[in-house]
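What follows is a group of structures, each given as structure tokens.
Shared between the two complexes below is chain A, which has chain B as its partner in the first and chain C in the second.
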Partner chain A sequence: MIEVQNLQKIYNVKRRQSFFKSYKESIEAVKDISMKIEAGQIVGLLGINGAGKTTTIKMLTTLIEPTSGTYSFDGINAIENPSFVKNKINMIAGGERMIYWRLTAYENLWYYGQLYGIDNNTLKNRIESLLQMVGLEDKANLPVETFSKGMKQRLQIARGMINDPKYIFLDEPTIGLDAVVTKELHDEIRKLSKVREKGILLTSHYLAEVEELCDYIYLVNKGELVVEGTKKDLTEYVYNRKQYCFSVQGMDENIIMRLHNYLISLDIDVEIVQQDDRAIITSKFELSSALAQFAIKENLIIKELYEIEPSLEQAVIKLSQQICREAESIA
Partner chain B sequence: MNNSMRLFSKVVWAEACKQHRNYFNNRAIYISLFVWPVFSFLSAYYSYSAFDIRGTFISYLSDDNILLFLLIGYMAMSFFRSVVQSAWRFSMERQAGTLEYIYLSPANRMAVLLGNALSSVFESSVVMLIFGIMIMYYQRNALNIDVLGLISVMIIFVVMALLWGVFLNACFLYSRDTDFLFTVLEEPMEIFAGVKIPVVIFPYWARVISLIFPLTYILEALREVCLNHADIASVRIILIISIAIIIVLLTVTLVTIRVVEKHMRKSGNVILF
Partner chain C sequence: MNFKVFCATIKKGIQIRIRAYPVSFMVGCILTSFYTILGSYLMYHYFFLGQLSESFELNARTTDYMSYAIVGSLMYQFIVRTCLNVSRTLITELREGTLESLMLAPFKRTSYFLGNMTMQTVLTIGETAVAAVIGIAFGFRISDFNLYHFIVAISLSLYGFFGLSLMLGCVMLYTRDTYISQNTLFAIIFLVCGITFPKEALPYCLQLFGNVIPVTDAVTLMRASLLGGLTDSEFLYLGLQEFILGTIYIVAGMPLMKHVEHIALEQMEG
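Presenting the complex of A and B:
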């Protein structure tokens, strides 16, 4: 298991004032992040505004040394033993960089395999099975520069698996890909976690992607952990109110006004917004039976009545707005 | 071969193969690697024809072997120049993002840099080497070689060129702003290491500068054993200095590799480009 506690990273940056003058500035990219990743689990790392996701991932991959905090990797102190960690992890980043374009897919994988000291027979078999896994077995001997964006990304996945890592760090793996390729990659990521028992940390700008793939999510903002939990936990944390969609035949402003008055008469505080022929009702209370009773009382035929489950995307946007408002009020 | 040596050699070979496929996949590059040094060599040779060098006090330089004097200088220079260029090219891996993956792996950093230098030294210099050997054969009467001396000097020369390359590679990795080293090291090395003009006739200040470049020492030894029939005993002082330079280069390189990685992990600049 990967476990980090109170991870912090401060960069000391030299800023130039003029040709002869410069000054040093400390930038706290990560203030305080604690998290866990277990084998077979997909963990999401979501950031709101320049949150420190990349710095966090680079610290977990040992490319960057934390300023303070602890990092335990399968019980070993990872900060003092980066070589131990390097053998058991790999990273897959989005985009078209980080592979050698003039080399073939096979040569790229062979090169990276050699860096991990994998013996030649094992490496040959692994390259063949990885190319098959990502559907590039027919393109093995073509230069990467002839590949489409999706093919390059699939090669990145194969490269990230070359040392058969226990944990994989995925940094925006589907950036710039079309929907079909994205779906294929999502299937691969799911297989890596659920079939091959890899522990995965995923960062993404696409909230729907995190929502679809991740078992557990950490939401960070300005280098600090804001909230953590499953998708359900996060949405519930943000939405302490329920939302209902209610629609009847002949829905108009008059019906909405009568509905509003009816709910107030029951001492229920609500907010109603009309959207086409639907009423979107927000309240702290459970409203299903009250809405059904209103329809019976008014002799209305119900077309739709259901509770709206908020998406993670909505939750994050709402949370982001809340944080901005809080920051403004402090200022 | 023990396991760590096996892993080390695997990485050296992989890096050399990768550099070969990445930069030498078009055969036209060999023409460009050959044409420019040859033109430069010929221009130096014809520049000499304007002067009478019979009266020079340099023991191994005469009208008969001036061509070989310059040729040895340019052949040696092509080895050393190739490693400066390879170091500069390797720093491009930062932009490509591939450097990040190299540092993500447990591969021995010295092996990676050595593989890069090895590929560059031999591939970039091979055409110039063939050309040089052909001219030497044509001018064989002007050669005055001590074979044992030449073999010893050549071994030290190759080791020194490789280590110079590895050292520069490590320096170029320190930061994305080390490209200036390319300008500082490439042209001045040709001017001050005695490639075209023997260092002994330099003014004092230029001789001081020439001491910086390892090429200065080993080139002098090469010319002595090729043109003056100097044996190991005659060039022993230069060889001792060269071996000392190799030891210093190796030590400084190993320290630089550690310092660079520590600096990268602290500053995060492995991911900046």
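Presenting the complex of A and C:
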């Protein structure tokens, strides 16, 4: 298991003031992040406003050292043993980086395999199975520069698997890819986690992607953890009120008014908005049985009755707006 | 040393060069060598009218100026090609987006750099041989060849150039500049390391400066192995000096490179 506690990263950067003048500035990219990743789990790292996601991934991959905090990798101090960590992890980034364009797909995987010290027989078999896994077995001997974006991304996945890592860090893996390739990659990521038991940390700008793939999500803002949990936990954290969609045959303003009068006795703050032939009801209480009883009492035929589950995207946007408002009020 | 990484780096380098060999750059380097030789030829024959001062003969240990200048030019071409390419390896990885994936792998950097150096040396030997053939037309004559000295001179030169490449690589990666840093270094080498004239002709402070660059002794050793002029003990002394200087550069360069790698990876974010 990967476990980090109170991770912090301060960059000392040089800023140019004018052509001849520059000054040094300290930037706290990550202030305080604690998280866990277990084998077979897909963990999402979502960020608002320059959250420090990539910096966090770089610290977890030991590419950069944290300024403070602890990092335990399968019970071993990862900060003091980066080579141990590097043998058991890999990283796949979005875009077209991390592979040599002038080498073929096979040559790329062979070279990285050599860097990881994999013996030649094992490497040969692994390359063949990885190329098959990402559907590039027919393109193995073509230079990468002739590949499409999607093919390059698939090769990156194969490269990220060359050392058979226990944990994989995916940094915006589907950026710039079309819907079909994205879908294929999602299936691949799911397989890696659920079939091959890899622990995966995923960062993405696409909230729907995180929502679809991740078992557990960490939401960070300006280098600090805002909230963590499953998708349901996160939406419940943001939305402390429930929403229902209620529709009956012959829905009109009269029924809406009667419904309002009925529900107000249960929740004085209940809100009802009519959308076409539906009523969207917002309340802090569980109202589904009350709505069913209202229909029975009024002899109405129910067309629709369900609780509207807010999407992660809506929750994150709302949370982001809340954070901005709080920041403004403090200022 | 990790031979898997060493051999793989050579193979990767050759595969990339075969697909995208910078022919124009290679021609440019040979032309630079040609122009240097041509300049020396014109100066020697039309400006100095073939007359050499006693001080030149004393310091250069030869009366064959054209061979002296041509060996210097060939060595200069050799330094430019090996040093330039080895020192540029990491910044090239950074620019091509492969630095992170490279740094993620748990391998020793020494094997990686030595692999690049070996691959580049093999290619540069071919280019230098072409330039040497051109030099023959301008009067290049190997007057006192000593195979043993030649092997020692080649080995120690590569050792020293490797150290110099590491230091130049650190500067390039830190400043993210290849143009100013490399051209400044090459201009300094051309001026103070005795490429076309003995360094003793320079002011004393510049001579001292030339002495701490592991090119000056390498050029002198190579000249001695081809044109003679040094006793065995003088050759041994210079060889030892080159070895010590190269060691200082490598011992300082390797940890410095590791440090600069970290800075480069942080700068990618910060």
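Side notes on the structure shown:
Going forward, the second predicted complex is superposed on the first by the 322 of 331 C-alpha atoms of A that agree within 3 Å, B and C clash if a C-alpha of one lies under 4 Å from a C-alpha of the other, contacts with A are read in each partner's own complex, and residues count from 1 in each chain.
Heads up, the rule we're going with is that a contact is a pair of C-beta atoms (placed from the backbone, for glycine too) under 8 Å apart; a residue touches a chain by one contact, two chains touch by 3 or more.
Predicted model only: the values in this text are computed from it and were never measured.
Upon superposition of the two complexes on chain A, a steric clash is found between chain B and chain C. Of the two partner chains, neither chain B nor chain C is touched by A:Asp252. Touch criterion not met for A:Glu309: it reaches neither chain B nor chain C. In the overlay built on the shared chain, the residue A:Ile27 is in contact with chain C alone; chain B does not reach it. Touch criterion met: A:Lys58 reaches chain B and chain C at once. Overlaid on A, the two complexes show chain B and chain C touching the same residues of chain A, namely 11-12, 54-55, 58, 61, 63-65, 83, 86-87, 89-91, 93, 95, 97-100, 102-103, 107, 110-112, 114-117, 159, 163.
Chain A makes touch with chain C in their complex at residues 11-13, 27, 29, 54-55, 58, 61, 63-65, 82-83, 86-87, 89-91, 93, 95-103, 107, 110-112, 114-117, 143, 159, 163. By the touch rule above, chain B contacts chain A in their complex via residues 6-7, 10-11, 13-15, 17-18, 21-22, 25, 96-98, 100-107, 112, 264-268, 270-271. Across the complex, chain B is touched by residues 9, 11-12, 54-55, 58, 61-65, 83, 86-87, 89-91, 93, 95, 97-100, 102-103, 107, 110-112, 114-117, 159, 163 of chain A. Residues 2, 4-5, 7-8, 11-12, 15-16, 19-20, 96-98, 100-107, 262, 265-267, 269-270 of chain C are the ones that touch chain A when the two sit in their complex.
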